[in-house]
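What follows is a pair of complexes built around subunit A, which joins subunit B in one and subunit C in the other.
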Partner chain A sequence: MTTIEGESATDLRVVGKSLPKVDAVGKLIGLTAYADDIELPNTLFCKLLRSHHPHARIISIDTSPALAMEGVVAVITQDDLPVKYGIMPTSEDEHGLEGEKVRFVGDPVAAVAAVDEETALAACRAIKVEYQPLEAIESIEHALLPPSDEPIQDYAGPGNIHRAGALEFGEVDEGFAKSNYIREDVFFYEGNTHLPMEQHSATATYVGDQLTLWSSTQNPHYVHRAMAKVFEMPMSHVRVIAAPHGGGFGGKADPFSHEVAVCKLAMITGRPVKCTLTREEVFYTHRGRHPVLMWVRTGVSEDGKIQAMHFRTALDGGAYGSYGPASMLYTGALQPTTYNIPAYRFEGVRVFTNKAPCGPKRGHGTPQPRFALELHLDKIAEDIGLDPVELRRRNFVKPYTRTINHLRITSCGLEEATEQVIEASGFLRRKKSLGHGMGFAISSYMCGAGLPIYWNKLPHSECIVQVNRGGVSLYCGATDIGQGSDTVLATVAAEELGLWPSDIRIFSGDTGLAPVDLGSYSSRVTFMAGNAALQAAHEMREILVNAVAEKMECSPSEVTVGEGKIGEMTFEEAANLAQEKLGVLSTRGSYAPPKNIGGRFKASGVGPSPAYSYSAAVVDLDADPYSGEIQLNKVWIAHDIGRPINSLTVRGQVEGGVYMGLGEALMEAQLYRHGLHKVPSMLDYKSLTFMDMPEVETYLVETIDLEGPYGAKEVGQGPLLPVIPAVASAVHDALGVWVDEVPITPDKIMRALDARAKGREGRYGPKSFPAIPYPTIVKVPPFDASSSSF
Partner chain B sequence: MSNIGSREILRISVNGRKHELLVKPYATLLEILREDLRLTGTKHGCEAGECGACMVLVDGTPQLSCLVLPGQVEGSDITTIEGVSNGSELHPVQRAFMEHGASQCGYCTSGMIISSKALLDANPSPSREEIKEALSGNLCRCTGYGTIIEAVEDAGRAMA
Partner chain C sequence: MLRLPRFSYLRPGSVTEAVEILAEYGSRARVVAGGTDLVPKMKRGQIEPEVVVGLSHLEELRRIEKANDGGFEIGACVTLAEVATNPALQSAYPGYAKAAALVSSPALRNSGTIGGNLCVDTRCNYYDESYEWRKALGFCMKKDGDICRVAPASATCRAIASSDTAPAAISMNATALLIGPDGQREVPVASLYQDNGKFYMTKSPEEILVSLHMPAPGSWKSSYVKVRSRGSIDFPLVGAAAAVQMDGPKIEACRVVITAVGPQPLDVSEAAAALIGREIDAAVLEEVAAEAAKPARPLDNADLSYVWRKRMTRRAIEQAIREAADVA
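Right, the complex of A and B next:
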């Protein structure tokens, strides 16, 4: 890994170093207790009965045979859970257990609590459910037709349309009119899932009138809020603890049926109740990548400068709302954060289908349009005879500018990241040979969403630093899902206090113990919780420095902090000195994004972020012209991290993102046949193994963002994004055909080669884009700096 | 194995400690370790032999504990992740995983360390290809595998 230093290679002591994670050892010796490792005394075990119909009315549910079984303590249905919930306030369409109808294979209808899992499973089988099957909708095209039975959901609409939007910025028709070259393309991105190694698990207790839930969740705050709503309890009587986490990637970001079920069953039985999903159930729980059909039209000038872009998307949302309204808008929001698009029109729609609900997966709603956009630009470059890197460079956004859709760009390392991978890979000097190819692409991602998921004016991240008898504790609701957020918080505090990260005790992911952080989604934790921690730790540093300065009768500016010392005193002596005077020492920090980072129009809440990370990738591969088989050779990736807080964890996130991107590009797919998931197992759902993964050369670009903690930006999601189009571009480089559909499997490559051999276009992908009843386009006036606020 | 009702007596040694357990004949070794012995360091990701998270050593050989039934391990010596370190001193494989950041969410880590240890016990200086092959039954969704390969190479050098 190479780091290109920013302008201020500073005297930071621990920030930026490659230090082990603060929670590493427990995981290495098998002591860390993940959600399923928690087992409280007298625990009951819960199993959910799930629908085997993709779409059906429920005529009746008879739980009495289950209740009569020995060892069964309680059975619940929708009657016990009348209050609906959902992660987005506009789409609260879930009961936890459905009673009127089921909408996908795997939709839960009843939950059992029994003395052991075996009994709970047998009891589920004993429950009698009578269904009246309805027509199952399995594709975007089908969902756009008027339903023959009834819509999947009874809100939104018309038909099975969940949400639609249409926005225009600048003069798009004028932009096309003055373009020298215009091109249209259609792309499809198949859905795929997170496949976390850990199956979801939750345990609840109800003691007195206090409900406590331990869960493998990324977002304990939103789960906390959902449970309070469902059980009509004050939030002060609900506590959600995110257990150490075995992988999320967006798949543990919603409140879930099994969480609701164990809470209700604990309230009924008075005993701890636990539910761990099987791997098959994890595939049904899903909330993964939306399948997206895309149409894009772009006009460029003679010298390749974008004049106008029109982007249309249609998302297959599956059966429930989840994050859908945001997912839909994200398919249009970030295109202008990498390229200067002077006129931009976006039309998007999300439809309901009878499949497991889609939601946020790493890159939330942006890998699909990024795949389309980058390939589309490659094709334009080829058409007008311009090098694809040069075409992009001519259109790159500049640092500290405002996009046409009103997004504020701050630090931007797009040029540097591009330069790095192009140079290191020798992309421009590559030799042409049949079957070998290289592809290049770029991307950007947010450092946290500008707005919370539900409207409120409270800070997005809050943090308390406490010093007691020389010991430092940091309390923050942020949730370490393996990305290393506890390590980031400890490193920030250690830097400020002159200690090592391992000196800081972190209390995180617990809504009863720590102040709120909204959660581990939208790559927000380093930027937002990091800033809250920085503020709290810096204030603590000042308290200690002032105490020492007073004792030493010197100016605070003369007191140095570092190596476990405050001035000439050890940290503990200095802390005790201050505590003698002030009592237990406690400081606070909080963070909310600035108000001027986005526009002020309907749907402007999706896209704004206090900063954007930038990535560039080159993929080198061999593609067999006779079998379509792909052998990955190497990936070069450069990521504008702002500044790494911990280089070891940053590298892990970059390379993990590359890995996941390669899997999506080549093999990962959540596929259905007649409403049934085709591959609900880790063997049949293909992902990259050690044998498939190529060497990755990682470069970190430091742009030192002015608002990030120590200049840091996100890394969890961005580096996945350029990988997928870079793979597709490399396949084209190798074989001369375009595969405009992800995943790029050998059969699709062979079909594209076949088409070319028969004299047709050497391409595989969707042939057309359906007529979609998008709403009337809202023309958004240009950004007005004086009136902008959220 | 003796049969008592629907249960069987299983005699095994786990991390050097001898156990005599009454188990269901269809219980998996994974369930016996996690539920009967509460050794929860061994993880489960699929319970179908697909992910490698439940890897343990059975008489020194790495095996997926979710596919092993009691009758197959009667009298065996089992090593789980809890038995890898030397007291509070980390095993070289564990130390290398820590230093290389080869454990992120950590859920595959127990299985990875067991498979790596088995490889290095048999072959202290494996090639990259040998490492990939030996670990190819262990899935990881966080790291992209590169740091794990480096950690195993490093641990091999430390153990040599």
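Right, the complex of A and C next:
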């Protein structure tokens, strides 16, 4: 459906080409063993007993009926897991199995290991749990009220407030005072989930004081750390292996109950223990998109230049912390990375509710404010009679600048990306007709978080390249979750060593085998692990070139590398030559982001990144003026990739992001009713089918970032972001009504049309923003340019 | 994964033998052909048969034959895909063939059968979830409970009739052949259903629906319009089947059957009387559709708001009549 044309224009040999993924064949022929395919001898099967109550105190748990059942080997509860954990050090609020209270329908309270799943399930049902129900909190507004009995969590607060922040950069009041036009809007973005094809699965063994966990995880590094903490074991006795992956999107980025449970049960029974979640359980495990209520106020000058912006958010976090403090700050951090905002105030809060915990999903905390911001700018443009593209252009950030919130911008292809989609789609020449519309929006995303999730000084990514027996092996903790990171690492090494990506053996995602990489989150792998691989491979290249130069009695600069040869020697000959002389050949590379990329204020850890990708999209659709039904016609998207390491996989990521964005825009919703998930099934939780997916025309903008490996930036998350506001904008273009709430479903459009027909504002969305006890605003002094590189 | 509970699978050698098995086990047994409805529901504990009686291997149930009246006899185990792609059926009963083509997804149409679709369980998003979910919510009267969760004041279950092919068959005056312990009987498809989401079929558990008789179409032209959230997979949010006989540009006779707006398909042909003897005209059609949609009672137990589904009922009826009459 998408145009697959035009590889990166470059003199590089393999970087930028459209080549198959290095792990494609195994997956194609069904030989790749995913987490659920792992079958060790004598394995026990684990099921989790989950809460039927949204919020309740646990009076008692009686596991004896389960233990008495034939085939049941062990049953554990919170008593077996006294140590709390959580992905962020400030929110370690999970036991894996809860013993004092349950906080959402689906919260695990016990785990059974049995000879088969059927027995384990029957045993779970035999466990007797006595509950004392508590009031269930189902909305942001409800969570802001003082709890009638007790808060959901016993930390943070007051009440059910988990985290709040308030920051001001520049002089916001002054900015509004000198604005010619000021507008306020309220938006709501409903929560949704990742919906990976593969359910979570984990298997653990415990042999001779060594704990090994195979799991469908994005972040073996953090899971390793969590297991060592929970079981009070030295890190050296824990090994976490990320199994080949059937999709993460942020949903497999936390340490999880089922992982903790299989480890503990393996330790108790001495046998391998496996747990594979059902689809329904995946909905409860969640950690997906936060529902966010947003208020934004912006002042512009006569010519549409932003003078000041005030952005407020309220996040429905669900029952646990997860990445919440970061998620909350991300709803405010990236607005200034696309538009030059000279004065910016952000206030955010995350509340606990009795729902499955929210966390990071593709775009983590930024699709919601991006939706709000882009629509808000559309409305301002309409109000002041300026073309929406022109309004944006007048405010675009420039390359190699510093944002008001101290973020360092390097390469920036916003202008080029905009130009591409505007031209290709004919957006400015579109004909106005009822029921047909086009929408335009832009966005940016990080190429990896500037700081790790817990404070430590280790490199963010490390890589070992080993040459042995004439072949190359590359070891890196990075985890290929289908995004193609193994392919990126192999391509980088192949480019340096004059080989093909398929010549490089990759050993990744294994904390017992490969050096540190923080994980597959925040779009960090190509940039960070790619740089580590580049460094290691380049050093190896020099070793081989020097060996060949010595043998040939020439200068190393005369030795060419490529086409499987080092100088006149084959790679294998050169490798053996060097190994004979030096012994086993091993080089290393490591990457940590520069220190000066963000500010030095409280909460400044969220937002900084060594580079930002940029995207622009135009969506063309038909919207039925009676029913509100939408037919997507086409999406044009341009993405500033820096430089593609593999053009084919980059385009795949762009299309995947567009697909996921369209689903969020039109139908995906993690809804609750009567205290529980309304439809935890793949039939009733709607996401786009093949039939609903329009043609996508993808353009790659190459800005060659000075710090990215070969100039590369991220693509895993950014391209989702502009799609959602572009859909909303296109609906407005088609029908003249605003749907200020995601997902934009036909019934909401119909309500907006009804409102207009009755003489009211043609709009559907939240009417007001609640009074929120945000903390006192911290005024952050301007960035100190003397510590900056530009 | 969600596992099937234990059950016995019986493979009768003939319909007669299948009927004997059902006579023995009664409501403890279920017949299965494609399994696209039964199997997931067994996994979720919504249907818990001791015995599952396979039918799809019985050749006598897999035939499409020309009937004596010029119509067609379609065996219950003919797949939806076969009906959807059969040129003779497409030409004689475009509405019915289209309805079959709009059921679920290609894979499920290759497996699912026309008998299964006529008998497909009613749906409700207070019911179509796992045992554990229903336990957390509180069970409903359709399974394990005693109250209708979507309409607590209702004495009967309000789960939604979800067969796409039933309204299309009814609009063509189709009949169904049932065989039970007391012999066989042929009944109008319309009379297979009743206004009760739990006991949604009138046939006894011992009876097997063995074939569908579609009468000769004569000059009847038909269509089916399905409203759903996505372009594939989904059950109907509203379905409207229309059949018309034309006298030149004028409508001579018109039948309209709607579905997914209550526990049974509803024949609302009477409301179409205003169209008879007239050319199709937007204003009259709108009036007729509004009148025909009146008995629709969508509730908050499916995707999208019930207000929207109610209004879409009118839209679907209008479109179905236009399509059947072939006027834009």
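Criterion: the second predicted complex is superposed on the first by the 775 of 790 C-alpha atoms of A that agree within 3 Å, B and C clash if a C-alpha of one lies under 4 Å from a C-alpha of the other, contacts with A are read in each partner's own complex, and residues count from 1 in each chain.
Rule of thumb we're sticking to: contacts are C-beta pairs under 8 Å (C-beta built on N, C-alpha and C of every residue); 3 or more make two chains touch, one makes a residue touch a chain.
The shown structure was predicted, so the numbers you read here are calculated from the model rather than taken from an experiment.
Enquirer: Looking only at subunit A, is it subunit B or subunit C that touches more of its residues?
Expert: B
Enquirer: Now for A:H674: first (subunit B), second (subunit C), both, or neither, which partner does it touch?
Expert: second
Enquirer: Should A:P20 be classified as contacting the first partner (subunit B), the second (subunit C), both, or neither?
Expert: first
Enquirer: Thinking of the overlay built on chain A, is A:T689 touched by subunit B (first), by subunit C (second), by both, or by neither?
Expert: both
Enquirer: Figure out whether A:Y34 sits in contact with subunit B (first) or subunit C (second), or with both, or with neither.
Expert: Only subunit B is touched by A:Y34; subunit C is not.
Enquirer: Just to be sure I read the superposition right, which of the two partners does A:L195 touch: subunit B = first, subunit C = second, or both, or neither?
Expert: In the superposed model, A:L195 contacts subunit B only, not subunit C.
Enquirer: Where does A:R50 make contact in the superposed view: on subunit B (first), on subunit C (second), on both, or on neither?
Expert: second
Enquirer: With both complexes superposed on chain A, which partner does A:T278 reach: first (subunit B), second (subunit C), both or neither?
Expert: both
Enquirer: Counting only touches as set out at the top, which of subunit B and subunit C does A:S520 meet: first, second, both, neither?
Expert: neither
Enquirer: Of the two partner chains, subunit B (first) and subunit C (second), which one does A:L121 touch, if any: first, second, both, or neither?
Expert: second
Enquirer: What residues on subunit A does subunit C touch that subunit B touches too?
Expert: Looking at subunit A, the two contact sets intersect at 199, 278-279, 681, 683, 688-691.
Enquirer: Mind listing the subunit B positions that touch subunit A in their complex?
Expert: Per the stated touch rule, the residues are 34, 38-48, 50-51, 53, 80-82, 84-85, 90, 94, 97-101, 103-110, 113, 131-133, 135-136, 138-149.
Enquirer: Note which residues of subunit C are touching subunit A in the complex, please.
Expert: These residues of subunit C touch subunit A: 1-3, 105, 125, 128-130, 132-133, 135-138, 229-234, 303-305, 307-308, 311-312, 315.
Enquirer: What part of subunit A is in contact with subunit B in the complex they form?
Expert: Of all residues in subunit A, those touching subunit B are 18, 20-21, 23-34, 36-37, 39, 194-199, 244-249, 278-279, 481-484, 648-649, 651-652, 655-660, 681-683, 687-691, 693, 695-696.
Enquirer: Taking the complex as given, what residues does subunit A use to touch subunit C?
Expert: Against subunit C, the touching part of subunit A is residues 50-53, 105, 117-118, 121, 199, 276, 278-280, 626-628, 667, 674-681, 683-684, 686, 688-692, 745-747, 750.
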